[in-house]
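Multiple structures are listed underneath, in structure tokens.
Heads up, the next two complexes both have chain A, just with different partners, chain B and then chain C.
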Partner chain A sequence: MTTGPIAGTDLDGIDRRTLLKTVGGSALAVALAGCTELLQGEDDSLEDADVPDEPIESGLQTFTEGAPAVLGVQAQYGAETAVRRINENGGIAGREMNLDVVEEGGAYLVNYQQFVDEGKDVTFGPISSSGHAEMVPEIEEQGVVNVSTDGTVTTLYEEDFPDVTYSFRFQNHDVMEALAAVNQAVEVLGADEIDTYAGINPGYAFGQDEMELFSQGIEQLTGAEQVHSGFPDLGTDDMSTHITEINGEEPDVVFSSCWGGDATLLLEQGHANGMFDNIELLVGTVLYGSANDMSADLVDGPIYSGSRNFYWGEPSIDRWSPAAELVDEVQSEYGVVPTAHFMSGYGAVTAWATAAEKAVGLLGRWPEQEEIATILENHGFFTPAGYHTIGPDHQGYSNAHFGELTWSDERDAAALADVNVFSAESVSPPPGETSGDWIGSW
Partner chain B sequence: MLESLWIHVLNGLYYGSILFMIASGMTIIFGVLGILNLAHGELYALGAFCTFSIVGFLAGQVASPTGPVTAIIFGLVVLAGSLAAAAVLLPIGGALEATFVRPIYDRDEVYQLLLTYGLLLVLTDVMKVGWGPSPIDVGVYSGINEIPTTELVGISYPSYNVLVILVGVAVFAWLIWFFDRTKTGRIVRATAINREMSTAIGISTDRMFTLVFAIGAFFAGFGGAMVSIGPGSASLGMGLDWLVLSFVVIVIGGLGSLKGAFVGALMVGISSRVATAYYSPLELAAPFLLMVLVLLVRPEGLYGTWGEIE
Partner chain C sequence: MSRFLVDRDGETHVRLLEGMELTKGQTVLAAAGLVLLFLVPDITRFTGLSFTAIHRGILFGLAAVGLNLLLRHTELVSFGHAAFFGVGAYGAAVLASHFDVSSGLLLLLGGVLAATTIAVLVGYFVAGYLDIYFALLTLAFNQVLYAFVLQSSYFNYSDGLSVRPDGLNPPTLFGLEWTSAGYDLILYYFTVVVLVVSLLVMWKLINSPFGRALDAIGQNRTRARFVGIPVEKYVWVAFVISGIYGGLAGGLFALLQLHVSPDPTLYAFVSGEILFMAILGGFGTLVGPVIGGVVLVYLLVQAPFYVEYYNALTGLTLVAVVLFLPEGILGSIPKIGTGLARRRRDPGLLREDVTAIGSSLRQSVTRAVTTVRIIVFGVN
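Let's look at the complex of A and B:
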């Protein structure tokens, strides 16, 4: 099931004409892909469009403080970087973009409603899965397009809201990273060597969704038995009970979708309690989201981590110059390395901006909300992370990555080594089928 | 299975020890001043943030542990830094009491709750300005755990957890000694029992109350230090869960009882860790179930007193 990069994700094997055609040929799309130099001398067909002069007003809600800020601030940096690049490249069909950022903690609906009341042209966020689920009916009611940065519970668009118009999600949903973790575990240990598994996941919708999908996947592929599953509260201060249980059961694989401070806590207490001597493998889907908070000793051990579609070392910054330039820009601007959640913010803005400009090109005027929403369905675009699509189901799709957690002295941050790239088709169901049914059919 | 049970109990003692340090401060403040301090969790968080700066600086002045001698030096420096960080809370607690709390002792309880809730918000913003919005980690936990792993009756267990348990017992012993054996402690207790009589015999209740609030803030801060130099990090909002759990502990132990706070904290720690092991969904509910059970049997708590440190 492991595959190479899908077509067009690397400069190798893709010529300038193909790239321009793929990204829509506009200066903005190419700039957001991180390949501005490719467009020198190209004509811009948007000059004659009937577009207002005033700036586009947008709002992002994300976690700006507290424990979840580990992810949320990265999303903010990502959105700000995309907006900065948009404005430096002449705006969207000539319109500059303003971005307001507000704290999302517990105020998802109020934030969205306030954005709408303020006349925002588009809204982005939230990070939270439960917050996203709360917002979708309101978004459909208000009719202002929202591109969620994360909020990735698999059932959201598959079962809970299968027919929506204005609500979209940029990031790959949970099934894609949970199954990437399954495949990574099977590749490292071999299906015949995995007899038991356990899980430590955050005690809310996201963690439960990820554990359920991982369980389905690994049991289908290996027949392994679950020996422990714990759901500590998000932002917990202690995971010692779950680690003690794992040490007692000695499972072959431990799966975790812990993120932020929970991820570092798991590694700290796991090392202190000897957990890595009692298991064969820890696969953690978003451990890497804490790359800026880890130390070299924490990543020591059989620890494999994934990234939904991006981290600073993959797509390889040695081969893919847009990623390398972005990493340098973000380290210079913010003093951090960008993680997948940086790309959550960057990608959500890019999805909407490129769709809006594509709509202007087609219509010859600034589009209505419903028209942008129509364009966003089946919309494809590049970012420095490679090629992404928004499907007809309003989900985001792109390659997922998994590799061994290691340390980079050069960047003074956690990194991934021996990376496997999983195409979207290999870790998510075909259109119209739910993830549970699809995994069950293997 | 039996070995796991013992480790769960040790985990509970570790968790309960931190909880006791935080709850003891709340107990002292409530027991003497009659103030239910909603900002107590933020004093705990402030201790964690101060630890980041002070321990981070001090630990940078010594080498990481490479052998027994350097390990001891490193551990002592970290412990001294934690005490220094908690000591920052002494003048802060005293100033808060003298400036904001003192004027409302005779007002209705709702004013006390509103005031301390306001202090909670202000302290949160102070920490945001001082240390930024994102979590921060001292990063010395691995170093402390390199101090040889403790062997307890054949059970390998993190050395840091053992240190915290011992510190928790020491804090309890010191508080009992202070309130039972020292003149100042006895004066504080006498003031708590009868303010008018204490004033009549020449005791400055203002000074006593400021001292008590400062001591309460110190132990909240010291609990924050223990978490911050441990596997946790300092982050905005980190005080909320511990504030709620501290309420649970002092209700279980009996309002105003130090002994009750100690027993209650250990009961909450052990029961929640053991219950989680055997039925994971109980992780959040276990402390509250324990509180309900205790209140059904003893509505005044295990060692219930009111308005008096015992």
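Let's look at the complex of A and C:
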């Protein structure tokens, strides 16, 4: 199942100008898309623009310490990589970019306010859904554009803040990955073969939301019955009671949105207790986010995982080389394989930078916050992960990937095989409709 | 002497309230503190200090003032005071998000009532316990509340609740809708008034017969019982009052943050922070916990913008306070002042200080070497 917007482009079969047009018309857009070989001098329209000389000041809040740093540091690397590429290619309409990074833990609002007080031109982050929800009204009051790297809670723009101006998020929201998992399970086993399902999800809002969405989706498609739903604490050191329950019930599908250390623990204890002999399939939306922490024996079994918005093998590297180039660059710079959360940081910066430069091209001067915000609505842009859009509802949309968890000797990390690509419109409601209503209408 | 000036021990004191008499120095300090509090919005505008961080610090400091009633007078260490702070905050948030109550003062009242109810219940169960048992019980109740909120869809799990009755705008204050900047300013001045009144009430309380009884309970429960003090009842009442302060601070915190989630309000670490604030500022003083609140909140939320290893900074501050300022920032000022005055009169003392520090270091090294020798060889 491969649908949706053009995700890959044959670089050998397309002329420079056409590609430049495709990615947004500027060398910066090309650089951020990762097509480094196409960079020289295509920005004639920007040269005459009335743009200040001083660098753009930006701030990112992310988890830099503790357990969530598994995600947060990847987002930091991503944002830094995007900023580095921007500066190496002459900045945004000639303006270089500086990035300050600060730990988000529990201080979302204060961090955003401090960034605004410091005169930041744009702010990025946070990772946390609750932090993002807390910030949105403040962002609307302060009027300095914020592009959240994650903050994936489904209700945020659907119900809680349906009409905002300055607040955006790059990341796919929960409904997209939960429904991608549903579709993957149905594709692997067949709807008629799924009679029962269970879940082990982190015991906080994100895990609860993901399980609820998965339940709605799979029951709608297969009529399956839920036989167990467990919510171990975030950062727990024991999931054996849930695994024992699952071994007793032997459900066809187990769904998990565990991430970080919880994801590796689930796989470790699942293997140790024979869980994979008792189930047909484990689908995990963000298991792959722990790619750098997994070992080859952990990924053995019927385990399928999603990579929210980025997996180097998709778009296929023989059609779209930037993804592989990025992986090489990041492995040599930081010694890790970039995952979806890397792309959260990279994509958030890219969304804003390409929109800002597009605005300069249109206006002939540096845009106001409100003008950048207007451009960001319905803004489409490429990254090494393929094509992304920011919807009119301020959500990030891109293809969702799901594949069998396997091992890459080449990268020495967990990888995905037989990747399915689910287009945004196949796993999320159209803007203006809530996910619950949409799933109910299937 | 006039009504406001009284003579005590040959020195003129300023009488603010019945029984509240301050020396001239104390009066000047109190007045300066009050002026400073009212000038905070202007000071932050010109210095780059964070207005919100100071406001947050004052609120946590107010909770620490409440905790200090137990710590200083009954000598009971509560590890669970975030419970009341959190319940106060959630009380306001529930009224705003589930019942669309738009008046800020009603939200605050709701928060205080919720915290009082919880304090009455928890206090009933813990009042008879001492030392570590008291501390662990308060911690346990705190954790039960935290886990309950975290798992409850009514409280929106870890994502928490908004304190914006109409979804986007803050509650009204004094019947009026304010702009964002106006709201922050009015709420701050309201906080200052609440803080000053709360401090005066606390001062009255600890200088009343009830406060003296609490002191007696703290010093020796058995003797306090012998002289006829109903110990458990008094501790219970003190616990409830302490909880009310926490609830008041939490309710105001909800009005300031406009969003309440479990981790910054109810988590056990927050209890530890409130305790640390009281110790940092000086738990032997009335105002010390407020100073401790501002300093610690500033270290926790603003230091990351200036120092990479900001967690180490908090740890080092704790070490420095324990080693060098055991009576806290405010509590140590008289001692530091006296010490400095003596050294101004007699600079030779500075040489003795250096010698004392040197010999203290030498002793520490000797002790460490001895310990290692015992560990390695089994004998000294």
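The rule we apply is simple: the second predicted complex is superposed on the first by the 418 of 442 C-alpha atoms of A that agree within 3 Å, B and C clash if a C-alpha of one lies under 4 Å from a C-alpha of the other, contacts with A are read in each partner's own complex, and residues count from 1 in each chain.
One rule holds in what follows: contacts are C-beta pairs under 8 Å (C-beta built on N, C-alpha and C of every residue); 3 or more make two chains touch, one makes a residue touch a chain.
Everything numeric in this text was worked out from a predicted model, so none of it was measured.
Of the two partner chains, both chain B and chain C are touched by A:203. In the overlay built on the shared chain, the residue A:140 is in contact with chain C alone; chain B does not reach it.
By the touch criterion defined above, A:84 lies against neither chain B nor chain C after alignment on the C-alpha atoms of chain A.
Of the two partner chains, neither chain B nor chain C is touched by A:411. In the superposed pair of complexes, A:365 makes contact with neither chain B nor chain C.
By the touch criterion defined above, A:271 reaches chain B but does not reach chain C.
After overlaying the two complexes on the shared chain, residue contacts for A:69 are found with chain B alone; chain C is out of touch.
In the superposed model, A:261 makes contact with chain B only, not with chain C.
When both complexes are aligned on chain A by C-alpha atoms, chain A residues 65, 203, 231 touch chain B in the first and chain C in the second. For chain B in complex with chain A, the touching residues are 1, 3-4, 7-8, 11, 14-15, 18, 128, 133-135, 137, 139, 141-142, 145, 156, 158, 160-161, 227, 231-233, 235-238, 241-242, 273, 276-277, 280-281, 283-284. For chain A in complex with chain B, the residues that touch the partner chain are 64-67, 69-70, 73, 203, 229-233, 235, 237-238, 240-242, 244-245, 247-248, 260-261, 264-265, 268-269, 271-274, 293, 295, 297-298. In the complex of the two chains, the chain C residues touching chain A come out as 48, 50, 52-53, 56, 150-151, 153, 156-160, 162, 164, 167-169, 180, 257-259, 261, 263-264, 300-302, 304-305, 310-311.
Against chain C, in their complex, chain A makes its touches with residues 65, 100, 102-103, 106-107, 109-111, 113-114, 117-118, 129-130, 133-134, 137-138, 140-142, 153, 160-161, 203-206, 208, 231.
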